[in-house]
Amino acid sequence: MDQTSTLVKHIVEAWTQLQTEQPLVQCITNSVAANYAANVLLAAGASPAMIDNPFEAESFTTISAALSINLGTPTHEQMQAMQISAQTAQRTNTPWVLDPVGYGPVLKWRSDMVDELLQYNPTVIRGNASEISTLAGNQVLSKGVDSTLNSADVYNQAKVLLAHAECIAISGESDFILSKELDAVIQINGGSYLQPKVTATGCALGALIAAYCAVTTPTIATIAAHTHFAIAGKLAFKKAQRMGQFNVAFMDYVHSLNPDLIQQYADIKILEI
Amino acid sequence: MDQTSTLVKHIVEAWTQLQTEQPLVQCITNSVAANYAANVLLAAGASPAMIDNPFEAESFTTISAALSINLGTPTHEQMQAMQISAQTAQRTNTPWVLDPVGYGPVLKWRSDMVDELLQYNPTVIRGNASEISTLAGNQVLSKGVDSTLNSADVYNQAKVLLAHAECIAISGESDFILSKELDAVIQINGGSYLQPKVTATGCALGALIAAYCAVTTPTIATIAAHTHFAIAGKLAFKKAQRMGQFNVAFMDYVHSLNPDLIQQYADIKILEI
Amino acid sequence: MDQTSTLVKHIVEAWTQLQTEQPLVQCITNSVAANYAANVLLAAGASPAMIDNPFEAESFTTISAALSINLGTPTHEQMQAMQISAQTAQRTNTPWVLDPVGYGPVLKWRSDMVDELLQYNPTVIRGNASEISTLAGNQVLSKGVDSTLNSADVYNQAKVLLAHAECIAISGESDFILSKELDAVIQINGGSYLQPKVTATGCALGALIAAYCAVTTPTIATIAAHTHFAIAGKLAFKKAQRMGQFNVAFMDYVHSLNPDLIQQYADIKILEI
């Protein structure tokens, strides 16, 4: 069995485990993604809870199987909750995902918070090419919260971020995942050009990575979540090319993914770092 | 006419009244449910307004026909609004529904607020089996905001809560409604196993109970709202078995319910307490 | 070429320009509309970002091509962000749209803020008939956030508001747009009676006006956004008469509008003021 087939086998196992365990995933996320990310997690097999206040953050992270922190539309109370939950996750060895939405000099308040959250060692950092490149220390002209760079051009820059996390995931036309464990970059193809046209798909992907982290290693979790989305996006686009129907079809396939579809459609390449 | 047929007749009347009056329903709800609950109320015939700040809470509750309070993702400002609006509702005899999302020792901040809100005598308390059981004084291992108990096993425990409210509603595979007025438990069947897979359906149901409370008695309102959802869920599942399409079909049937469908599909049993 | 044909030609040009420029639009909006407005902007061709905290408001407005401010469910932090962003937009000549949701004596906190925001000269003010009439100084019995008046009865009252903005837009069964530039009222027909049944369509329309303002004059932008929605609503209703499917079809047509559809379905009348 070659390395790619082994990865696909692990993805199938992770998906199966997700259905069995239905892990509780705490999401501190933005107002755009809250409903969508919760539905994606439920469709994929996990149990989401959007607990994002500082007064319940510590006790809730303690009972959660994983945590997802997304800085899309932060409030003061959410910011406090993020710090408490990230710290608690580190202390209790709960896997957690950091999604530094809009990281860069224009959005300084959240970017300072992201810098601070790095000390709690996120299990996975995921973002688009602009965010990851800027977080890796490069100067990037971003356009709001959407990327101006290609994921393929950025993954080499992202290596330095492996000092903070087990995996770095860069989403784009192809997704690239840097894995400390494998000492490699995994390229995942699939999806469709319509996917970034549906708001909060990236945010929901971060939450899904967290869900998978509750049932497998960070590397397999990150690859599995991206593959889950890439297949759903590809199949949805076959069925519908307009945004309303594409969105419905995408949720259908996030829900109806299964081992056969994973084996048939997973499109993964292992690259050297 | 037997008791069940009489109830169905009252549900039809309540539904008709809802279309006629289109009552204004104030919802203080969570970030996951805000859009969904508003669409459910509009589809069902009511007029929703998500006014959830403490500075407008009193004046808005005063002009509202009903109030729905949901503690899914509370903020400090929302908590203040909840207190003010609940107090105002009690003072002005405006019916109001309390949905104690996640009630239990892990989520203490909201649970303390729920305890406090009980003094303003909610018209209806609705929740899943774990929440209602815990609120009734039992020790329950909950899993985030989803239930770990069956609704059928809990309704006997819920009797004590009738000290605070006219009706207690427990949603689950079957729904159980304890009515002070009828001195009985009403069991409502329908829906589908996919319904809890769509996030915020419980929260939206709480808002719909409030809407019906604006046009009929608390008991009929609670039964009517649950029947509305049970029929829509059953018919939607006939049409679509995947989450994206199910969600669309569910909203279609919430919208297109009518007296014929109610008479044909209402599945109600009256149990002794 | 008559005046109406000229307008349609300008709408086509504006739509084309929107696809080319994909302008960054900052939205400070409510919890009900956040996801929906973002999807509408993406479907229509723009690039939305829901930056609504006071700490990043100034720097983000500075790089945005347009700004949309909506007072649906304001928080303290959002209110501060609104002031900062409106002031920044005025200073940097960035077009911005004000949507005074629920304006009136019952909702005083937001209404005071709307009065204050007027000093920063919004490019466009849009609302339903009740909101615009009240903002124009009339006493109106509103029902929550929905209108109790007809748009056709109100546009004469709205003239006084042209002291504050380039355009005043009143949505309803027909939409009416007062233009300072044209010294005329533009009536736009289309849509469907189901459109107000989908929550946040008005809020999303405000955001879409802002998007068009980034690529054309305030008058053309306001007419183009209303026409975009009127056509999508009309075509969606042809395809689906229930709320769930209508909502999906509406998003499909917001996404797939094109010059041919604009020329075929635009229904615009120019009235004297």
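Quick notes on this structure:
Just so it is clear, A, B and C label the chains in written order, and each chain counts residues from 1 on its own.
In this text, a residue touches a chain if its C-beta (ideal position, glycine included) is under 8 Å from a C-beta of that chain, and two chains touch if they have at least 3 such contacts.
Bear in mind the structure is a predicted one, so any value in this text is a computation, not a measurement.
In this structure subunit A contacts its sequence twin subunit B using mostly different residue numbers, the overlap staying below half. Rotation angle for the C-alpha superposition of subunit A on subunit C: 120 degrees, rounded in steps of 5. Distance from the subunit A centre to the subunit B centre is 33 Å, each centre being the mean of its Cα atoms. Under the contact definition stated at the top, the residues of subunit C that touch 2 or more other chains are 31, 34-35, 75, 247-248.
Taken together, the subunit C residues at the contact with subunit A in this complex read 24, 26, 31, 34-35, 38-39, 42-43, 47-53, 55-56, 59-60, 62-64, 75, 77, 247-256.
The touching residues of subunit A, counted against subunit C in their complex, run 30-36, 72-76, 102, 106-110, 143-146, 196-200, 242-245, 247-248.
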